[in-house]
Structures are given as C-alpha cells and as structure tokens.
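Some structures to go through are shown next.
In what comes next, chain A is part of two complexes: it sits with chain B in the first one and with chain C in the second one.
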Partner chain A sequence: MGQQIYEAIADGILGGGVYALMAVGLTLIFGVLDIINIAQGILVVLGAYLSYALSVHLHIDLFVGLLITVPTMFVIGVAIQWLFIRPLRGRDRASMSLLAAYAVALIIEGALYRVFGPNFVVLKASYITSSVHLFGFYLSYIYLYGFVLAVACVAALYLLLYRTRFGRSVRATMQDQTAARLIGIDVNRVAAVTFGIGVAVTAIGGMMFGATSGGFNPNSGYDLISRLLAIIILGGLGSIGGALAAALFMTTAEALVDIWSPDWAVVVFYLALVLVLIIRPAGLFGRRGARAQ
Partner chain B sequence: MTASPATESPAIRRGGVIWRGGGTLVFLAILAVFPLVLQNPTVTTIAVDTLIFAAAAVAWNIFSGYSGYISLGQAVFFGAGAYTVGIAARAWHLNGDAVFALLPLAAAVAAGLAVPLGLISLRVRRHTFVVITIAFFFIAQLTATNLSVTGGSSGILAPSPNWDSATFNNPFYYTALALLVLAIAASWLIRGSRFGLQLRAIRDDEDRAAGLGVRAMPVKLAAFVISAIVIGMAGGLWFYFIGQAIPQFAFDPLFDLSIVVMAFFGGLGTIAGPVLGALVIEPVQQWLTLQYTNEYLSEILLGVLFLAVILGLPRGVIPTGAEKISWLRTRLRSRREAAVQPDAGSPAPPGSPPREPREAREAREAREAQGAREARP
Partner chain C sequence: MRSHRVRLTSLGAAAALAASLAAGCSSSNTTGGTAKPPILIGASLSLTGDFSADGQAYERGYELWEHDVNASGGILGRKVQLVILNDNSSPTQVDTNYTDLITIHHVALTFGPFSSLLTAPAAEVAHRYGFAFVEGAGGAPLVFSEKLPNVFDVSLPVANELNPLVDWIKSLPASQRPTTAAYPMADDPFATPQVQNAQGQLEPLGIKTVYSKIFPEEVPDYKPNADLVAATGAQMVVLGSTDVPTVSSFMQAFEQQHYNPKIFIAAAGPDQGGAFTSAVGVSNATGMMVPDAWYPGYANAASQAMVKEYVAKYGGSPSDVNADVAEAYSVGQVTAAAVKATGGTDGSKIISYLHSGVVLQSVQGPVQFNSLGENVKAIAFVFQWQDGKFVQVLPASAAGSVKIISPKPDWSS
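Presenting the complex of A and B:
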C-alpha cells in the first residue's frame, strides 16, 4: 500500500508537469486577453494528431517532431486570435469570445474526425514502452523526458515573461490594457503573440498526452479542457504560479484516488475545484477582486 | 444592448403591445396547426426537437440573458430531467400518457439540484462562473456514467409509447408546445416585473445594484432555479421522445452551446430572441445532422454557422431589427412633420435643442457610455 502511494505521488508529479504547461498557456491567454480559450482542449488533441501524423507517415521522432509542430501550433493560435477573437467588440465580448472559441473547437473536432476517424490511436516510440528503475519503482522514460521538457518550457516561459522586453509588455498588458497602450505598447500584437504562445505549448502537451494517455480520439478534447479549466480556476485565473501548483496538486490527488477507485478519480478534479471555491472564490492564488467586473 | 420598454414612448408602446400580442397569437396558431398540416414524420420530428430547444433557450435566457451570468452548464438540468423521468417510469412501471405526468417530478429534481449548485456557483462572476458551470456539467456526466441507478454508460431506456404510428409525434409536439408557451409566459412576466428589473440591474452593475438595495443572491438564485425547472422538464420530454438517455447525449456539451447560440442569434435578454434563434438554428442543425451523418461534416458546418452568428450578428436579430424599425419610424415621422410645417427649411424651432429622435438619442447615449466602459477592457 505504501509503495502504491509513493508511486501515485510520483506519477502525479510527473504527469502534473505536462498539465502545468498546458494550463500555463491557458492562464496566460486569459491574463492578457481576458478570455477563456475553451478550444485549448481540442488544440492539445490536434497537437497530438500532428505528432502522430509526423511519426507514422514521415517516421520523425516524437521529440524531433516538436520542432515542426510547435511553430505550426503557434501559427494556428495567431490565426484563431486574428480571425475570430480580435473582431469581437462590445459588452458581451467576454462571453462571445468564449462561444467563438467553442465554435472553433467544434470545427477542429469535426475536421479531426474527418481526417483521422473516431478510432483511438496511440503514439509509439521505444522510450514509451521501456522503463527505468528509479527510487524503488519503475517509471516509463517518456514520463521523465516529458517532465524535464515541461519544466524547461515553463522555465523558458518564465524567463520570457520576466526577463525580456516583450515579457514586460505582456505583463503590462495583463495589468492594465489602456495604460499599456498609452505608453506605446502594441496591445494587438501582444495579444496575438500571447495567444500564439499559449496555443504553441499545446503541441508539447499534445505529444505528451498522446504518448501517456493510452489512446486518444477527437473526442478527448472535452476531458482535457475540463481538467485544464479546473486547474486554472483552482490556481486563480491569470496566475501562472497558481496554475503550476494547482496542476501538480490535481494530478497527484487524481493519482491517489485512482488507487481506490479509477472510476471516480476524475471527479476529484471537479470536487476539489468546488470545495476550494466555496472557501476561496478567487482560487488558491488569485487576487480577490482582480478583474471582478 | 437590448431595446427596453422604458425607452419607448407610451403611444409606441401601446401600438407595440397590439402588434406583439397579435403577432404572438398568430404565431401560436401557426404552431398549433402545424402538425395537422405537415404530417411527414421527419418534419414533425424536427419540429418537436425545435420546440424542446426553443423552450430550453427561452429558459436559459431567463437566467443568463437577464442576469448576464452566462451559464454553460444548464445541460445538467436537461440530463437530470431526462434521468428522473427514465428512473421513475422504470420504477413505477409507467407508460403511455402517464409518463408525461412525470414532468413535474423532473422539474422538482432540477430545481432541487439548482439550489445547491446556484449557491456555490453564484458566488463568483464572469469567467469563473462560466467555468464552474462547465465543471458542474462534467461532474454530472461522470456521475451518470459511474452510478448504477443511471445505467452507467449504456444509459436508460424509455418505455415505448403505445399510440398510433401515424400521429406518433403529436403528443410530444403538443406537450413541447405547452412547455414553450409556459417558458415564454414566464419570460414575459419576469421581464416586465420588479424581479426582472432587479435581474437586469445585476447584469448592468451588480455592485451598484446591491448598493441600491437589490438582494443579489436570492434574485440570481431564483432566476437560476426557474431556468432549471423549465430545462428539467424539457429534458424529461426529450428523453421520452428520443427513447433513451446515455450520459454523453443527456449531458451534451453541444446542448449548452446550441441554446446559448440560439439566444445570442435572436438577441440576448429579449423575449422573442431565443424562440427565433431556436426556430432558425435547430432545424438547420437537425437537417445538417441528417444530411451528413457519417462524414462529420455536420459538426464542421455547425461550427461555421455558430461562428457566423457570433461574428456577424453579435447583438442578435431582434435588437438590431428593433433599432432599424425605430430608426425608420422616426425618419417617417420627421418627414411627415416637415411636410406639415410651412417653414420646412428649418426643421427645428429656434431655441430648442437640435432634433434627434428620443429613442435614437438614448440608444446613442447608451452606446457612448458603453464605449467609454469598453475603452478600459
């Protein structure tokens, strides 16, 4: 039993790194654009299918394939923002952009069904099936590589946000869009690039999801987006550190409950969310009243 | 921005009541004879679906349209109603017309669920509220999949109705129509009442409304529960009509998206808007599904349709149309007055402010105030 618990915690933390990366993209988009990109789930699945197509048809290694899929997803993200989110104006902008993202998700889902069909597929590579003996239990290499990659990406995002000129303009836009515009920041460009970055990380998340989930199909996007939403709300909307902590917490809790009842493990996500919000409506790390109205 | 009755002059309002009342009666009369004229089962099946969705969209609008709290989780009540009817009919061995008698039970279960869910979710606003409602939705779907009373992933079967196959759809049609009428009546009564005014005050500025003495939580919760009641009954009826409930169709994310887009299409916060949206969108949706079942094209086209509605008609057909009509009317009136006055050269009497129709002015001022607020996103 003790062994199982340790293994669950290790699984949770290693799996949490990838969720953290996907959630950071989502919360970054929220912070800058003040919208919830509900298409993030299906974009992860799209990223997974891109990796799948590259590895099956062109025999490109999954990790090498990221060099292609990440820029592709970046361009897709910028295009979605430019075409469907930017034109929205007026008082219902927040809810309209949510619906627009939902509609985009529907189109992508339909397109994926059309191209790849409803059958579950898995990503295959030697490091997915082989495992390493570490600290008394066995871990698949993919978890380790993915965790390292996720940590590296989050660190890179952190450096980008806190150590570069562009990052400063992103943070300025998050704080106050009007003031940012006044001091000469091109807010539209910041918004487009941020959306692109937020979507680009789904290429990595998608590859990891495809390799570790034991099979995915175009319908997998719903499960993903609901988990990601739970994570960013729990962490506090727009809080990057909060998204990291919440992702690790959620995946570990899920892995622990999974020992007793796999059926109910997923519900833990949402129950934790509901419980936290009863006590702290702004989320664990959210500032109260920030963007309240 | 919706055209509210308070901004219209009494004369226009009286005329509007006659027009609207007459229009509603004609509309209902057409709906009442519809299945007697068109008896093709494919058509009546789509018609029943459309009426069920219209009732759900009107009910969604009673809460979300009036209060501004966009819920993407009303499918919880739809599914709850469906499963309630299914479980009760199975337990009590009901069939035929008796199953319709279970709809109030579906309403009660939906209301019973809506109270705790509302108490939790209505503490937060905007995006967080939307996401909480989505979380409720997934909890409900997972619960239905995991419990044994709901039949797990294979779901639950409805008793097969015993009526004549030629007019098979009619009992469903008229029950759905009654539900729609009920929903519209509730929407109309609420919109004109003090309660409706409080809801719209919350939509415009909740903190200020609270400062003016609106007890926001009970008001929001009441609207949430009313919405859940109607949607619960719609779900129960839908279940009996479809004949089966499985978790991913009883709790369908597309249901949420559809009713929201229907309300947006017609006009958020209006009475007729969601009905119009449902009458246009649901038949298109059903047709697309029938037409392109196996090719998943329906899903793509549906997404394109929704995007077109959101990008092309952001304020909805009814508010845009009402603005156009009032603009035309004031144009006509000022031209008539100009013809009566001998000094047509000077349209405004000296001393008076430049003439601008009242509705137009108020609409413009509202837009400007809006713009000032929007400049600080």
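Presenting the complex of A and C:
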C-alpha cells in the first residue's frame, strides 16, 4: 500500500504539470481581460493538432515543434482578441465575451472536424512510452519533461509580469484599466498581447495533452474545460502560481483517491474545491477585491 | 463530468434541423407529381461529442445501405431517404431528436442511434409514437430492462460478448490458465456488464481477482488507474473500455511501467480498425483482443460486398472498416425486410413481424429476435490483432478462426 501511495503522489505531481500548462493561459487571460475564455479547452486541442500535424507531416519532434506552434498560437490568440473580444463594449461585456469565446470554440471545433475528422489521433515519440526507474517505481519521461516545462513556464510568466516594462503595463491594466489608460498605457495592445501569450502557452499544454491523453479528437476539449476552470478558481483567478499549485493538488488528490475508489476521485477534488472556497472565497492564491475596478 | 460541459446541443440541433428541413423542401420540389414519394427514415447520430467517431461511422453505414437499397429500386417501389440529426452524444438531445423526427419531419421509420446510453431513451420515444425501433448499438442490459416491445437489436447482446474468452480459458489445462486477473471498467452500460459477467465466470475457475474497479468514463487521465493495475502484476487484464483513447492510455501506461499482461482484452477500442492501430502502433497492437460479432474478413457475401463498397467510397483498407458500419448496415437490411414482408411502414405490423420468430439475413449474419428484442442468432467471437491484421481467434473451433497468439508479445515501440 505504501508503494501505491508514493506512486500515486508521483503520478499526481507529474500529471499536475500537464494541467498547469493547460490552465495558466486561462488564468492569465482572466487576470488581464476579466473574461472567462471557455474556448480554452478547444485551444488546447488545437495546440495538440498543430503538434500532430508537424510530427506526422514534417516529422518534427514534439518539443522542437513548439518553436513553431507557440508563435502560431500567439498569432491566433491575438487574432481572436482583435476579432471577437476587443469589439465588445459596455456593461454586458463579460457575458458577451462568454458567447464570443463559445463561438470561437465552435468555429475551431468545426474546422478541426473538417480537416482531421472524428477519429482519435495520438502524438508519438520514443520518450512518451519510455520511463526511468526512480524511488522503486517507473517515472515516464514525458511527464517528467512536462513537469519541468510547467515550472519553467510559470517562472517565465512571473519574470515577464514582474521584471519587465510590459509586465508592469499588464499589472497596471489588471488593477485599473481606466487609470492605466490615463498614464499612457495602450490597454488594447496589452490586452491583445496578453491574450496571445495566454493562447501561446496553451500550445505547450496542448502538446503535453496530446502526448499523454491516449488519443484526442476535435471533441476532446469539452472534457477539459470544466477541470481547467476548477483549477484556476481553486488557485485564485488570475494567479499563475495558483494555477500550478491547484493543478498539482487536483491530480494528486485524484490519484490518491483512485487507490481506493476511482469513481470518487473526481468528487473528492470538487468537494475540496468547495471547502477551500468557503474558507478562502478568492481561492488559494487569489486576492479578494484585487480585480475591483 | 458530462453535466459540467458546455454543450453544442442547441446550436447543433438548430443547424441540423434547418439543414434537414431545407433538404426536405428540396426533395419535395424535385420528386414530381407522378413519382412515389420516398420513404423517410429518421435517425439521430452522434456526429459530434464523445461518440463522434462511432457516430460518423454509423452515418457511413446507414448511407451505404441507403445507396444500395435505392440502387436496387428502393423498398416496395419507393426510394428511401435518410433524415439524420446530430445528438452531440447527449441522451437528452437524442430524446428531442426522435420526437422532432417523428412529429416535425414526419418520418415513416426510425433507425437507432449509437451506444446503449442513447438507445435506451430513444427507444422510449419511438415506443410512445408506436414506431418499431430497430437498432444496432444498444445491446446492453440497460436497453432491454425496460422490456419495450418495439426494440430490436440486430447485434450481439453485450453481456455475453466475453463468453468465448471464458470458454477458451476453461479449455486450457490448469497450468496454462492465468492465475490472476484485473478488471478495470469504465462506468458505462456497454462496458461494465460484460466485464463483470466474465469476472463472475472466471473467479470460480480459480483465477484470483487482484483488481476490480469502476472508473468514471470521462476521466481525462487514465494513468493513475492503469499504474494501479500494473502494480498488481495481473497475468490477465479485462478492460471495460468504450473507445480507443481508453485502451491506448492503458497500453501506454503499461509500457511505461514495463508491465505486459499475458492476456489483454478490451471491450471496445481494438475493433476500430485503422483508428486503433494508428493510435497504438501496429506492432504494439499485436496480441490485443476484443470481443465482437463481426469483422471485415467475415465470410459472408453481402458483408464482403459492403466492405468492398466502403473501401471504394471512403478509401483505406478492409481493416479500416469498423463494426459500427456493419451494425448500421444491418439495421437497414432488417428494417427493409420487415417493410417488404408487411407491405408497408406500419409500426405495429413491423413489430409483430419481427417478434414472429422469423430469421432474417444481415451483413453480420442471421438475425432472430426473442421477446426482449435481443438477436438470439448472433454469435460472439473474439478477434485479435496479429501483425497488422484483425483476425478471428475464438471460439477456436469456429469456422474462420485462426490460432490465437498467447501469451501476448511484449511491447515493441
């Protein structure tokens, strides 16, 4: 039993890295734009398909392919923000942005069905099925790489937000858009670039999702979005580090409960989410009222 | 969780409704005044959503049948015309779709959707309106438990699907039988009953159960469950799966854990033809087994013709044709036979006819229904991937069976 618990914890921590990669973009976009991007699930799947296309048709390694998919997704993110989010104005902006994101999800899903069809596909590489023997059990390379990438991404986003001029603009926009405009920040540009960065990071999450999920098709995003939303709520909306911590908590709790009762694993996570929100309504790392305009 | 998902249902249904209404208008404009109007046949299929791969394969099966029956002059001198709505794999939407098909589209006949999960509510709608409900993917006990008189499943009842495997293990000398078995199951009316049935028969043979747990069907990450199975070191794994990703995830995790069961059979997934081998690789697929009642190599003239036609129309090879296509095609064949025999589309007459004990022919073989609507003539087989070929291996004595590969070869990717 002890060995099973250790292995479950390892599975949970490493699997949490994958979810963190998928969730950080979502929480970053919320932090700056104050919208819930419910297209995040399908954007993860789009990232996976881009990696798939590069791997199958151009034989580009999954990690090397990120050099292409990340910038591509950045451009797609900026385009989505300019075309669908930026034009929204007024009191109903938040609710209208939900519909806009939904429309984006439908368009991308339809396009993926048209291009790739409904059959499941997988990403393949030697490091996906190979593993290293550590601490008495096998740890797969793909999850190890994913975890390192997740930590690196979170660190890079922190550096971007807290050590650069652009980051100061982003944080100013997060705190008060009107005041940010008054001091000369191009809020529209900040919003577009931030949305692009959020979607670009999702390319990495998409590749990891495709490599670890056992198969995906254009519909796979719907199974993800509720979990990604739960992660960023638990971590604190807008908190990048919180997204990582919540993802690790979710997957570790589920892996541990799996030992005794797999059908309770998901329930336990959502139960924990409710309990945390009762005690800390802003989530683990959220700040109450930080987003008040 | 399904209940948390954002649904495409309303938009999808509206779009499909608009499209099919438009199709209906155009067909009535072109039918002309003298030609007999076509027989409208309604079906709800999972063209998007969790079952979209199977749903779209079903659509192809229905459309192949539609093409063939119209090419041969139709039924009773009338062409047939399918009206297919998308249910987005939702049991709620499938209920709405069949109501719309009957009350708005005024279809004369209905064909079943994909999966037992959707067939159960759909059959009740058809029953409410007095329609016979011939289907090919609703073989779970859940569907028959309502004892609806209008349900007719042309395929194999799923609870018995693993019986050939059990019989084969029984036939092995005690020294060659697996000593331990693991039974991970998705929480699904198709997957769970057959695995539990097999477990109930294997335990009395002295095969110790080292893992038997049901996991939610839509878990995005199966690795923790698969790692727990691997940790048991079970010699046999009977996986209650519903699709390719579930099987692929378990195979991937087993390989990562350097664990290779001697016998590995999955309720669904390996039957998906090229979609399965492209996901797991041809070499790793070797030795993987799946129960079913049909495969592309089935020695039946109508089946062979259908496979040939499928490959000509959609490309690929015969191994790419999955059982969904044959199931759907069989639904059309059985319905057509009933309409011809009863001289029309009257639901009560068709129901009486199909309950009469008549034996009908389909691309899956003979069809005869018992009082519950189960096909008592369907024979369970076990199929196995052997070096890129999907072959029948059990029952070992059955015509067409080849030698089973056991133990399963080690992972080779």
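Heads up, the rule we're going with is that the second predicted complex is superposed on the first by the 275 of 293 C-alpha atoms of A that agree within 3 Å, B and C clash if a C-alpha of one lies under 4 Å from a C-alpha of the other, contacts with A are read in each partner's own complex, and residues count from 1 in each chain.
Assume a contact is a pair of C-beta atoms (placed from the backbone, for glycine too) under 8 Å apart; a residue touches a chain by one contact, two chains touch by 3 or more.
Just so it is clear, the structure is predicted and the values come from calculations on it, not from any experiment.
Enquirer: Sticking to the clash and touch definitions up top, decide whether chain B and chain C on chain A clash or fit.
Expert: Overlaying the two structures gives a clash between chain B and chain C.
Enquirer: Which partner chains sit in contact with A:Tyr222 here, chain B, chain C, both or neither? Use first/second/both/neither.
Expert: both
Enquirer: Tell me the contact category for A:Thr212 with respect to chain B and chain C: first, second, both or neither.
Expert: In the superposition, A:Thr212 contacts chain C only.
Enquirer: Touching A:Ser130 in the superposition: chain B (first), chain C (second), both, neither?
Expert: Only chain C is touched by A:Ser130; chain B is not.
Enquirer: Does chain B (first) or chain C (second) touch A:Ala79, or do both, or does neither?
Expert: neither
Enquirer: Which partner does A:Ala255 reach: the first (chain B), the second (chain C), both, or neither?
Expert: Only chain C is touched by A:Ala255; chain B is not.
Enquirer: Examine A:Leu106 and indicate which partner it touches, taking first as chain B and second as chain C; both and neither are also allowed.
Expert: The answer is both, since A:Leu106 touches chain B and chain C.
Enquirer: Look at A:Ile60 in the shared chain and tell me whether it touches chain B only, chain C only, both, or neither; answer first, second, both or neither.
Expert: Neither partner.
Enquirer: By the touch definition at the top of the document, which applies to A:Phe30: first (chain B), second (chain C), both, or neither?
Expert: First partner only.
Enquirer: Which holds for A:Ile13: it touches chain B only (first), chain C only (second), both, or neither?
Expert: Neither partner.
Enquirer: Both chain B and chain C contact which residues of chain A?
Expert: 102, 105-106, 109, 113, 222, 226, 263, 266
Enquirer: For chain A, which residues are in contact with chain B within the complex?
Expert: It is residues 30, 34-36, 84, 87-96, 98-100, 102-107, 109-111, 113-114, 177-178, 222, 226, 229-230, 232-233, 237, 263-264, 266-267, 270-271, 273-274, 277-278, 281, 283, 291-293 of chain A that touch chain B.
Enquirer: Which part of chain C faces chain A closely enough to touch in the complex?
Expert: Contacts found on chain C: 1, 4-6, 8, 11, 47-50, 52-53, 55-56, 89, 187, 213-216, 218-225, 227-228, 231, 243-250, 252, 255-258, 272, 275, 278-281, 411, 413.
Enquirer: Sort out for me which residues of chain B touch chain A in the complex.
Expert: On the chain B side, the touching residues are 1, 70, 72, 120, 123-128, 130-132, 134-136, 138-139, 142-143, 145-146, 205-207, 253-254, 257, 260-261, 264, 268, 295-300, 302-304, 306-307, 310-311, 314-315, 370, 373-377.
Enquirer: Which positions of chain A touch chain C when the two form their complex?
Expert: Those residues of chain A that touch chain C are 3-4, 7-8, 11-12, 15, 18, 38, 102, 105-106, 109, 113, 117-122, 124, 126, 128-131, 137-138, 140, 143, 212-219, 222-227, 251, 254-255, 258-259, 261-263, 265-266.
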